[in-house]
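So the structure is just underneath, and the comments pick up after that.
In order of appearance the chains are A, B, C and D, and numbering begins at 1 in each one.
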């Protein structure tokens, strides 16, 4: 077993920017009409509680917004139907979520070409008329402001298009055309209400730094008072395909962090844009929705490392995605198909779900941050998350000792453990034979098998210090709280007469 | 570690009468009006699903049934108010429960004396008028038949009074008076509808066998066509009091089983009553509602042994009680106060809750029954419960090997474990400092800590046999299923490329 | 006011076959994934409770069932994904509904052409390979039988395609090709399980009787043991288009009934098929989903007449549709857009919803059926529905007197009224200004305004008879019950001392 | 029909203090443990939303708070159990309610005598020890502050005892003893947290003004910085008893208002206490819980008049009570037994429920207040309540015309009507035969019959004015809104082609 020992001294403070709950990704907007989607999102919101949600397809045809008709004079006119948009936005707001609006893709009738992406056929060509595009954008924002109030809606960030640096997402990855789209859109949105914050270029990691630089140069030249910069962040090698699946190796996390740091430096090198917020509007390990890694405890441990550091140079980072109602490669055949989601179809939380749940609770001053743990002071105690990312060739077990300042009084150490042994629904599903069609009984069982193991023990501060010992299995993830816990026994209640288990000082 | 090895041969059949869900006990009937009571009962019903419920106090004054007034001629008359009775019965039926009616205690105005029992003051004296009593009983049954239909209501068993062999429950433990009450009541009930099944004498373990014998002699003499016999069954020594609590030692289970066997023999010695059903209308370890033992894993393991054998000579056995809304010794001060319930206040399942949940699922032909386990054949696989009752001075760990007939094909072994390490809410509550007033956060935490640990592994039948190995910690309880589980992998899905955890053959 | 007086004599019995709840129509199957769809359906089921549901699009691409891939040998192979099908079928069964399976339309990749229908692009061409089609049908049925059990699934009726007599729904309305499809499908289904009942030709009213006759001749020639015949039934003239809407005049109901009678006679003229069930797998007033008539009280009154007679020669009649989540002409712009549904978007019951609710409760022997009412004996009382269909040029008010056999004792007359004054959500929506985007407050208000007015009065039977008087406003619909209601006053309760309103003998 | 015509001029402002939702009464606190109680309260809160709740019995023995035991030294000691108090307070806060704490009655063991009140036996004698009483009060408040936070709990008003001017509620109506209790309690509470607001003397209308005066003189003399004054307000004559019921005649409302005005003047005559808030901690028509008047439409109309004026000199007025789970005269025999509640048992809103619902929505500047109506400006329109209290000998119908300033544009007039014809569940229950034990079907029917009739019509402002005409039946109550409602028709939607009912300009 690998042993690590860390000491926190009285007064230690460590930088840690926790934006875990700022934003979450979603499959295309029309999927939000689905009941199963809503149930998964409700689960995520009840346990984690994100503040924004971002995904594609606002203007795609299945949302039914853009329509054309011929008027009495024979002229072709646009009209807008917001029936489905209302349903979606109502549902988000009801769950405490504000949209992080991504403007795209192109309605078929407003498009200049017929190139599409994904099974669901998002059109990725520029508008046939920028006037038409501007009118669509403005009508949509004005409708939202009518319905939800201008104060509310103008607080929703607006991002222009998605990954224009990829020819699959934007015809020919045409940079000049994207810049035109950006400028037209930026000015159209501000005309509706200058309080809107608008940004881009929403690129992913191909030729990314050049795009960022050119984008900022363009904005500077056009005197566009950009509100924020957006990019994506995925951290696996190119996946190997086998049948319906893509198997991808994890990168060393440092590569990704350096890349993000480089983006930060480029932005800060523009005096006009120094310090501008950078939003990672998508991140995950693999960028394909059929990568079984997403369903594993290893993914959960890896993402813990990400959440401990992504706040260093970014104002938000939106995990792609909350759930597995997702059709980019078609409807998935099985519940554990390697989808992006925190929740598998059937409403089963994956291990990474708990990474977010645990980081959410890290409120307070940070006193320790390392490759294996983050600890914050909370009230008169502590909260922390520890993880044990297991890559090949290393001893899979980790013993972690955290020596902390404490009062000379009793504490309760509470731990919630997620690892391959105690919270691994993927394994249970595999052991059941990998059924594609879950019975209600199997769903219930998988949910039972997808909960952290909760345990407690009593510890005592001595001479101002106390040591927390955590043993993590391979790819284990532990949330802990250290709570002041003076005994307040009822008259006559004596644990020694009740059960030996009440009298044990610590685990195992 | 103690090692046990059992072999089941093809075709083995073992007697096992599983009446786990037949009946459950409850605090006095007026408590059923309470919201917290109903929430606890709903939890119990959703997870276990008992068929009948029995408790005291149907006619006690807080149910508001019996009332008197003076009519215009100056005569005192009885009248009956069924408002609360309807609320209670509606709630039971809604949860799938039928009452096992216990007729008692005495309404204050109908009583011949003022002796009461418990904080809630149940009057335990004979009626001042047997005419009045009969009228009350008949009016109540007729009202119930009007409301719920005669078919339904006449299927509810009727028991006369509670523990008349104790002077606290029946004035002077007056046997002759009880026999009179019994006969009057028996005939009154049958007059309403002869389909009602009526029994007694509902005694507990003081002078019990003599009471049973005299009761049957009385019935024989009076030619009462008794429908069933009832008694209680508690299995601890007299508790030692300390402050508000009573600490009781467990008896060797054999003592209790022998006592029940003796009752069976007495009943069968009467030709008129041979084979008559015996209902244990109350059982538990301790008979006091302030015994911390009730909250422990040891209690769960002990009750497992009870459930494996109580069906041998009894047609039902009603655990006393489902929940901890209970006021016999006054309102409890803390959530874990040693109440009788399967569920602690706050809605937290105690370990013994799972004993019932697990035995409930033992449907099928029994192939093994020992001091540590019961196994039944279920479909093409097996279900079983194993337990490790830890008394003083023995090695607390148990390794159990069950060698079973099987097909030469893959199986999934599913286990749900409840032991002092993984499912011990009492310990978590203690470690938190034994708070009397739980915050919502503490309640949620205790519920999380009160769930079995669910795990699976894959096994393979070989030459017609397969061995299940279970390792039980002190006072551990394990439910397992052995399920045929042929792999049905989706195109391209390869567990070896996903996670080492999917490829492990068995636990640990 | 028009006055009608009917007398029912002791012992009168009138034929009335009430199949109101047998089946209901739905928008295409993939819409069943939507949350709003499910909420509307849950409302319908909780108040009405249909037994079957039928709609298009089982095999359309948005259900994601049919997929192709190239195997290692380079051959193109089909595979089937049932993820969404499970979600839909689970949801139906949970709501107490069985599918009335309509097999269609054609998956794009299995199609022989690219002709589509509706905004949602259902492909209406024959299969490129009948082997492929049979395999798809059989694989789907076998999957359903695996998941829900063969007993259950083989009880679901199967209909082949939809309205093949229209060139929009079946390429060229090619009768021979349809007959081929029918035979291939019929035999494929029976091969899976001979208990399945299979029928067609699902035609609507263009050249309908010729199609029926030819279809039966074909079946006879091919010795196909047809299980039932299906057709549709709409009862308006061709709609006049204005902007987005189609305005249609109601036909005299007699025309439609005669047409159905003719179909019955054709079927019965084939000795092999005499008495075969006829299922009307779609009916409504207008056949376009943008006809404001659907939202009116007039529609409710007209459908009342339909429900009183459709059972005469048909075994079921499926109103098209239960709700307004429906995209044939695109996503609707407003909640009251003349959709087919019993429920408007936002969850608001339209007047016709109540026609079904009221007819559902007509259980018992029919004692009266006229152009304005149906009355059945129920227990010791009566239930009835009366309606006042108001066409142009007639006095809009109707006074109806029903003179009934009765006991000489008190009754309660209960009425539930739906008319343009008291239950007309369309009017409320119009009066609010016809908002396209409803606020939560407006939705709540519209629901409040969409409930029947409930009233009661006391009547007394005299000399074995009793007269019920009902006054119906224009397009009014009334459900009534006549309940024996002996007074059972509590001690001292005197209505005369409470309120004059309690002492009134009848309405107004 | 009586005709009334009122004109509101541009700029008119009328005093109207709307404290409708400030406080509501409840049966004794232990009843709050009941499920039916909680369901009724949840209904009340979802539709009305009171801010405080006040009732008796906080310290009565069924709450289980006060307990005594003998310690090892043989001394008798008090201890406090807050298990039930937590359940009750949790439930209130969950429903958005804060307690208006009434400190009383006396725990049996702390009492100096054995005089009790009501079936539930509230002890009404002074404490045997004022030290014990103070300790009980302080321990309770401190526990509440621990659990809910000092900020929260110190905002709960505290009232000392109930109706000490009646010998039934306070032994001998002993004024000096009450004053002692008040002073001791006042100082004890302030010692816990000086932010608590404490008041009394909670008297009802017997010798009331003398008590108020003496109380204030006592406070002045003792230099008690009183926070508010409390009293009760009932407005019927002494009831006539008949069997189980009390029939009471309504007083002319003016008598009551004058009495309250007199109290205001007494308080203001003390310079120290001028302007001190007066809280009416109980009001209703009759003060007995078996008065059928409470269930009538007449009660609803009478209370409308009360709500229009009680705010004139009082800071709150708490209707006694929200629901009919209430045991002062024993458990009620029937659902409509004349209980105090806004909701009848079974969850059925009585007409007076709607009086509160309607007044709740009167937010905005008042422009009209008369004996029949209150109207406020709301946004660009109006809201109002009108009522027609029908006493004997007057024409029961009222025609009300309100001539209002308006824009020259279209409006929607929305009305919700509650009267003896359209919303009178008492009548429906009577017509059903006055059943004591409601079936589920009867409950559902009574709820359907207990909803206001909602209607709308379109009106048009002309030359800056608009007239609203309301026709009220006997004891009718109407809520109305006048909403600006410009038509926004969808393309091609023409109401004239849809239904004549859409084109009507106003009602009837």
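Just so it is clear, contacts are C-beta pairs under 8 Å (C-beta built on N, C-alpha and C of every residue); 3 or more make two chains touch, one makes a residue touch a chain.
Remember, it's a predicted structure, so these values are computed and weren't measured experimentally.
Note on connectivity: the fewest chain-to-chain touch steps from chain B to chain D number 1.
Counting C-beta pairs in contact, the pair that comes out ahead of the other among B-C and A-C is A-C.
For the pair chain A and chain B, the distance between mean C-alpha positions equals 47 Å. Averaged C-alpha coordinates put the centre of chain A at 45 Å from the centre of chain C. Chain contacts: chain B has residues 333-334, 436, 491 touching two or more partner chains. On the chain D side of its complex with chain B, the touching residues are 33-38, 64, 67, 81-84, 86-87, 91, 143, 146-147, 327, 330-334, 345, 436-437, 439. Here chain A touches chain D in the complex through residues 69, 79, 491, going by the rule given at the top.
Residues 241-245, 247, 292-293, 295-298, 333-334, 337, 410, 412, 414, 416, 420-422, 424, 426-428, 430-436, 445, 448-449, 451-458, 474-475, 483, 485-495, 497-502 of chain C touch chain D in their complex.
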